[in-house]
Structures are given as C-alpha cells and as structure tokens.
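Have a look at the structure below, then the notes.
We call the chains A, B, C and D, going by the order they appear; numbering starts again at 1 in every chain.
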Amino acid sequence: MTSIETRNEGQGDVSGTTTTDLLLRAVGEGVRIYDLGRPLTIGMPQSPNHPAFWHALPRRHGDMVRVDGGSAANDIITMGTHVGTHIDAFAHVSQDGKLLDGSDAAQASQGGRFAELGAHTIAPMVRRGVLLDVPAALGTPVGCEAGYEITPADLEAAVERQGTPIGAGDVVLVRSGWGRFFGHSDRSVYIGNDSGVPGVGEAGATWLADQGPHAVGADTIAFECLKPGSGHSVLPAHRVLLVERGVYIIEAMALDELAAAGVHEFAFMLSPLSIFGATGSPVRPLAVVGA
Amino acid sequence: MTSIETRNEGQGDVSGTTTTDLLLRAVGEGVRIYDLGRPLTIGMPQSPNHPAFWHALPRRHGDMVRVDGGSAANDIITMGTHVGTHIDAFAHVSQDGKLLDGSDAAQASQGGRFAELGAHTIAPMVRRGVLLDVPAALGTPVGCEAGYEITPADLEAAVERQGTPIGAGDVVLVRSGWGRFFGHSDRSVYIGNDSGVPGVGEAGATWLADQGPHAVGADTIAFECLKPGSGHSVLPAHRVLLVERGVYIIEAMALDELAAAGVHEFAFMLSPLSIFGATGSPVRPLAVVGA
Amino acid sequence: MTSIETRNEGQGDVSGTTTTDLLLRAVGEGVRIYDLGRPLTIGMPQSPNHPAFWHALPRRHGDMVRVDGGSAANDIITMGTHVGTHIDAFAHVSQDGKLLDGSDAAQASQGGRFAELGAHTIAPMVRRGVLLDVPAALGTPVGCEAGYEITPADLEAAVERQGTPIGAGDVVLVRSGWGRFFGHSDRSVYIGNDSGVPGVGEAGATWLADQGPHAVGADTIAFECLKPGSGHSVLPAHRVLLVERGVYIIEAMALDELAAAGVHEFAFMLSPLSIFGATGSPVRPLAVVGA
Amino acid sequence: MTSIETRNEGQGDVSGTTTTDLLLRAVGEGVRIYDLGRPLTIGMPQSPNHPAFWHALPRRHGDMVRVDGGSAANDIITMGTHVGTHIDAFAHVSQDGKLLDGSDAAQASQGGRFAELGAHTIAPMVRRGVLLDVPAALGTPVGCEAGYEITPADLEAAVERQGTPIGAGDVVLVRSGWGRFFGHSDRSVYIGNDSGVPGVGEAGATWLADQGPHAVGADTIAFECLKPGSGHSVLPAHRVLLVERGVYIIEAMALDELAAAGVHEFAFMLSPLSIFGATGSPVRPLAVVGA
C-alpha cells in the first residue's frame, strides 16, 4: 500500500479549514455519484483483439453446505484488460520500439510483465475532472458523426461554451456521443470498424496534452478517431498521449448521463486494479458532485 | 451508467457553499490517497477455494507493428473474484438456502448469474470511513494474536481511544494487524489455516452491524476470526453481515500504513467492477484525506 | 488410470495370432493417420454460447534463463469444452430435467461438476469407424445444402454405396460437407445461424442409434440439422442420442480429406481429456489405416 | 486436417493381408486400452510455474430450457498446457537462445505463438510403445528412490529383463514408480521439490535418444531426475531430447497399472490437441493390446 499526494497546480490553501475537513463535510452532506463505467457482461461489445470477457459461477449455493446451514457461491472471470471501461498504462503502446521513458519496449516486458510502466504504477486518482461535451458544442447534442475527427477548435468551443477551463493535473473526458451505441444489439456497431468512430486525432490529442492533464478519457473503445474501414491500423493519439506526453487514456466510458445532467466539472475518482506488470486495467471511474 | 445519491444520516447543509464546491476545493488543494488494496501478482496468498490469479501478455511489443512504427502489448487475466482485495456482494453467502432478501439462493443463480444481488448491484461508495485500529487499542500495536476473536469491547475501546464514533452509512475498517503477513514468503502464513487468524466473531459482527454501517472491511482474507485448524468451516460474521443485516464485507485490505499514519477518519472511496451477476469483485479501495 | 475392454460384437478370434500381435504388426508395417480434428486457433468459428478459445504465452524464451543457458516458454489457455472439435458427455444434455441414467440433471451437477456422467467417464475409444459420405451418395459430393435434413434413406444409401454396414459398438461419422466452410474468413458462415446447417434430424438420429454405435460424429458444430434462423432452439438429435439412447456425439470434425481419399472404414481412435465432471472435452480423433 | 504416414524402420509387409485388415481385425477381436493419462481435477498436483487448472460450469441444466423441455450444461476451463499429463513441443525449451531447428527462440515466438515448432506441429502418434519398468529391473518394483538418477545401465537392464529392445521411431516410457504419489493428499510430495524426484539424467537421456525413439515419457512432472532442493534449476535431459535430438517428452503419465499387468510392449496412441503455436498440449495417451 502506498500513499500518494495529488496537488493541482495553482490552488491555494483555505485558511482555517483543512482539506480533510472539506472532504468529510462533503461526504457528510451527501454526494451524487455518476458511474462512468460500463457493466461487464458476457457478449458486450469489445475489440476482438483482446481476450473476451467471460464469467461463471464455479460454486453455487448448495454445492457445499456448512455445518450451520451456511453456503456460498463464487466466481471465475477471464478477460483482457482492455475490455469494457478500462485505462491504458504507459506500457501499452510503443513507438519505434520505445516506451514513454525511452526504455526498450521488448526488453521492458521481459519476464512476461512490465515491471516499470505496468498498470500497477498507475496511481489512484482523485482529481478535478472536466467533461468536454463536444456534440453539444457543435449543436448536435446527440453525438458526432461516425468517423468524425474532433478538432482543437471543437475542444476549445466546448471549453468556452461550458466555462470549464482545463487545469494542469486534471482529468479531461471527451464526449463524442458514440457511447449511445454501446447497448446496440449488433455489437459491431459500437466497435465501428466499417462505419468509423468519432474522436480526436493527432491534433486534438496534442491540444489535450498541451493543457497538461493527468489523464484523458472518451466514450469509445479506441478513444481516438477511427476512419471507416481503418480499424486500429494507426493510432496517432495513443502515440502522442501515452508515448510522447505521458497522459493516461481511459476508454469505453459512459458519459451520456453526465452530459444530460449538464455536469461538466466534478471530482473525478479512478482506482485501477493494481495488476502487476499489466498493460492496462478494467476500471469504473466516478464523477462526484454534491447530492 | 447510473447516478446515485449517498447521504450520511444526521448531517446538515453548509450554507453558502455547495457540496460540489467543497469537493472541488479539496481536490484543488491537494489530497493524500492511501491505497488500501493489495497488488495482484501471480503467487500471492489467496484462498485455494477460488480460482488462482494469473496474468499473461498475449501480445508484446513487436509482435505486431503498425505501418507508422507503433506497436502495442496487451493482457489476459483469469481469476476468482474473491482473490486479493475484494468486496463480497450480497449474492455471495446464503443461510438455510436464503439470501439477504429472502429469495431462494439456488434459484437466484439460475442462468449462471445473480441478477438481483450480484456485484453489479454494489453501488460505488464515497462515504465517511473509519479505521478501528484494534491492536493499538489493545496495547499491542503490531497486531492481534493468531486466532484471536476481536470483541465488541475491543471495538468500543478503539472508538474511544481514537475519538471516532461510527455514523450510520459509514464504512468501518477493522485492523487486526494480520496484514503484515501478506508478503510472507510462505503463502500459507497469511492464509492462516493452521495458526488461525484474528478477527471479529459473531458478537463483533453484530456490534458492527448495530452501528449501521454501509460496509465493513478487514486486513484478512476471511474478514472474521478463524480458529486454528477450522478454516472456513463456519463463518458466522458473514451470515450476520451479508445475510441478516445487509452490510457489505471487504477483505484482504492493506491497513497498516493508514494506521501507522494515525489516520482514523477519512473519505472512503470504493468503486467495484460492475461484473454482472457475480458474487463479488476485486477492488482497490482508497482512504482520502488532505495532502 | 483404468484399463478397459472394447469388444465389437460378432467377431471371432484369429487362431494362432494374438490381437496384440496384429496391432504390433500393423504399427510395424506403418499406418496412415487421418487427423479428424480442427486446429485450435484464436478467432476460429465456434458457438458464441461457449467461452471463446484463447491462448497466450505467459513465459517466452529469455524471460528466465537457467544457469546453463537453458530457457523455456509456456502457455495459458482458456476455453469452453464445446469449442473446436469436441465430444459431448452424457452430462451435457437433459430432457425434462433428467439425464441418460434417469438422474435429476440439476442435482447431478451439485458441487459444480457431474461426478457420474462427466467427461471423465468417457472411455478412450479404439474401435471400428465408418464414414458415411452422404453428399457423395446423394450425387453432390461437395456437400449437402444449408439446412438440409439428412434422412435415414440418405444414410442407408451411403452404406449401400460404400458397402460399409455399421456394426454394434462402431463409431459412425456422418459427413455433410459443411466442414468446407470451417476456414471461411467470415466465421458466421460455418456457424450457419442464418443459412441453416445440414445434418440429421430426429429420424436420422434414431436410425443411427438403431445401428447400435458407441458414438457418432459430424463435420458441423451442432452435429444435427439446423433450420435457417433457428439456431439451437431445439436439438432433437441430441435428445435421442445423449439422453435416450446413450450414444456419444462428436462435433466439428474434419472429414473432407478422409472422404476425398475414399476411406470409409478404418480404426477410429479418440482419447478425450479426462476433465473431471465436465460436460464435454476437446478432442482430436484419428482415422487409422495402413500406410 | 492432414494425413500422415508413420512407418517404423525395419519392418516388412505381410503378404496377402493389408495393414488396414490387421487393424480392423484387431479392433474387431477386441482391444484392451490402458489409460496412461491422469484425470484433470481442481487441486491436482502440478508445477506452480504453470497456470493452475480450473473448471466451472457456466451453464447448468435448468439455466435455460428449450421449448421442448431440453436443457444443456457447459464448461469453461483454464489451464497451462504443461499441467497434468502433457507433451512438450519442440518450442518449449531453448538452449543459448536457439530451438531445435537452430532458429532464434525469441523471434520464434513473435506474434505470441510458435508458428514453426508449436504444439500444432506434433503429429498424432500410433506407434510401437515400450515401457521400461526400471524399478522392477532394479529389484525394487514399487519405485526408485527420491532423487535417484536412472542410468543407461538401468535402462539396459530393463530392456534385457523384459526382452523389449527399442526400435527407431518407437515411443519409450520410463517408469520410475514416482507416479504412486500423484494422489497423495499433500500435493507437494508428487511435485517433490524438497525430496527430489527420480528420473533419467543427461546420460540416460542421451542413451534414450541413441535408440532413435520418436518420443519418450515418464511418470513424473519433470520427466528427468530432480535432485533434492534443486527444483527445475537445470534440466539437461530436456536439452538433450527437445533441443539437440528432436525427441518429444511426455510428462506426468500413469504407468503403474501397465507395469503391474506386465505389459511392456504395446501399440501406443497419442493425439495432442492441435493448439496453434503452443509449447505443449495436455494429452491422454493410450497403451493398446489385445483384450
């Protein structure tokens, strides 16, 4: 167990009331939690590049009954880590054989795990979060078009419309509206190989990185723009964010309820599973405001 | 995605400053996060009753290189949900064939998952948390003896010593000190079948439930007292908490750092994976205070 | 380890030469082995009702090097047992809540495994095998039409054309020709939900059972006829064979090479994994003749 | 599906009777099959270096009932391939970074699987098999001592005592007697880290290879001699057989029943799962003689 300190730049101390007091007062008054994660269910849409999510009950009630009449059921799950709502660790992507810290990507995984940049090195986050509702800023609140590349101008327009500038160390969530297809009976729609998927491209990723966030996220599987038929052939935003600028990426988030409630600024909480040496972790991020 | 409201009973509103403001001010000033979860590593101590945790990299960097020189690595994990730091859902335990809500436990799992009381029904938590450092209250701060049953008097002594009464809706973490054996090279030590493991028994669990918490947790695999050689033959605290009183149980937590820092009251955050119909979920809970 | 005895009815002893001698002479002269199984590969066509097959190398060469310069790589696999070429155990299917032996199907799985009729009770087979090349008998050697129901008359025609009567205790393989779609780039073609899949229906299954075989097999996932759009809504052949008549079913076999070689009678060998209490096992059956 | 030809050197054709006739006559007369594999059960002894075997029933009867009253149960399994009775592929072991065919071991696994020397390249075997009952030859029929190295002289003594010379292309099974501990309630006994395990060493492996077999096997997890406390620190027999001489190794076999029956020569059958690119496969080998 480690203790870590998160301090957003440019903020001062409130005299007389400790931060702990503020936290305790907030939870005392009551908070509203927006669940930004997707349920993990068999058959949910996910990239076919990753092991499918499966769940079973090895033991059901009655399989074994204790002397006092008690019984228990348990689970087995098997899955890729980039399945459902998840966060990419810096070990996930390399460019020209190098990771973020300049290390050799192939050697970094020697032993079958990434000791230096694996998911276990992603510190839990309790930070200021900003939702950039891009479709609303574009006047098409339902969502962006398939394959649409969200530009720096679009992102700025959202900031302007919402009045939510991004501070260094924040977590920025980019809503494309594509999440509305997550529950579609045809899984391939949300995956969007043929149609393309909206999201930032290299320019938008660079603009985001320039705001100095700690992490970014989106409501699509791949986070960034996929052109129709391209699949994951090139992922420049991943390169910019994970390899060049050191910004975590959270994917397949559920952002529509947050947007519908008009909540653009919140306490963002994310606590990844500390999977030693992994390239990512399933997560269930939260946007927390007052009740 | 759902939005939920958490309000601890008996708290009033602070005029003039919204709860959202309090939260944003807190994260702005900077928070210190205590990670209450254990890393997930191959070979870590866990109950043999549950599928072992395993991790592998199906894809390593270089296995597939994109046209622009980018490459990615990914993971497969397989595990039981009651492995490592985890939370028990109400579907986990039954008594005389019934679950918490009186439903038939065997029928509740029809279809291979618990639609009503599965892990997906555990709402994410952002609540007041209290750590009861029992060994410190007993004058043996390193830890309780193997197989020691923590009594209501012990729990009250901790509350008294710390000055941290428990409020309804809080999350109460009971430190036994047994967590110091988690990293022992002999896995069986932490599992403690032969030695027994300290923890509350039926009386302590009842006392806890009477304080009206939303969830309780401990630094042992089984949460409750295990007598030497008994293993999991009877688990009365599970019955009291999960089946009778509707209080979640979090197990195998890391509590020593929190105790060493003397932090007994904090904002507690836990966001379980929404594994549909499961009996539990691996978690990485957080204790958050000011930086 | 168990030893079992297989004797096909109606055969006599050859004086002077033991059966062991015959076997040793055969292997001494050289045998030709037709592999009737499909390779297990990620992404192969399989029923979505069963956990997907996945494979990864947790350890690659160089991850750990021994003092003498040796190194090893290993695997993790996760799969359903009814994936790829596999055999159904009698525990697999029930009718009106009963298994083959009249036992209660729900109780039979208490404890999370079928102690009485699980895959571990399928004895390894070394028996006379007969391939019924139905498309050839019908004059359309490439294959039967999608959704075509192979009738008793069709099966008899194949026996007649080939001159291979079925003896009690034999293993009968029914070729539909559908196996030619196994490697199709569109996985859904072989699965055949929309198109339907050829195979025997209730009548053909009954005819087969009346010949007294020990097991039957086919080159489709479901063994029996699937009407277009029906999927696995009703599977009468499974009922007849597994629940009523006690005949094992082998699915997703590769039979085209055997048929192309005109081999209709052979020594059939199948050795399922002895997965305790499972409902089936992946297998790699063999048809063996002289070289 | 592939057809392959296996011919043991030095054997002639029997005029007038085809090999196929011999095979069909043998199965017609009735064969006795000795199962040389171990059941796959949760908790069975296995090397901790490999993912544990687990099995569960995702679906039990009644979870889903068809319109006609039929229902099915199915499985999920997860395991390493070097678990239980299994065969090592040539991809499994390297020496100084090279595999059997001189290829670079690290590059050979690029893409996460061994395309050239993986388990899918192990042809199914129907060959003459020889059991060398070493303990019986040594006068201690129950078994060799823990950590005893079986020497070329021991192997020759067994051949001599039994009158079963080894021919090129045969499969040679070396019984140590250690298999009697497979079912021991203390799993660590069969694994034998502390006690050591009997088996051939480099000299015995070389002697075996010099006989020209196609594969060898033993009744221990590691096939070769393990000195007390050494574990798998060096495995010279693996190097000799898999990397230098190209002889497959089968491990954790059940050989005691075969030995007790005095069967030293038989038709040996082994059909590995064709797991693409894997380093091994679970198997259930058979020794077949007349009934």
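We adopt the following convention: a contact is a pair of C-beta atoms (placed from the backbone, for glycine too) under 8 Å apart; a residue touches a chain by one contact, two chains touch by 3 or more.
On a predicted model such as this, the values are computed, not experimentally measured, just so you know.
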Chains in simultaneous contact with chain A and chain B: C, D
Between the pairs A-C and A-D, the one where more C-beta pairs touch: A-C
Same or different contact residues where chain C meets its copy chain B, judged by the half mark: same
Angle (degrees, nearest 5) of the CA superposition of chain C onto chain D: 180
Centre distance in Å when chain C and chain D are each reduced to the mean of their C-alpha atoms: 23
Computed distance of Cα centres, chain D from chain A, in Å: 46
Rounded Å distance between chain A and chain C, as computed from the means of their C-alpha atoms: 44
Touching two or more other chains - residue numbers and ranges from chain D: 51, 54-60, 62, 76, 78, 112
Graph class of chain-chain contacts, one of line, ring, star, complete, other: complete
Complex contacts: residues of chain C adjacent to chain D: 1-8, 11-14, 18-42, 49-51, 55-62, 66-82, 91-97, 99, 105-106, 108-109, 112-114, 120, 123-124, 126-128, 232-236, 238-239, 243, 254-258, 261, 265-267, 269-280, 282-286, 288-291
List of chain D residues in touch with chain B within their complex: 43, 48, 51-52, 54, 56-60, 62-64, 78, 110-112
Residue ranges of chain B in contact with chain C within the complex: 54-58, 60, 76, 78
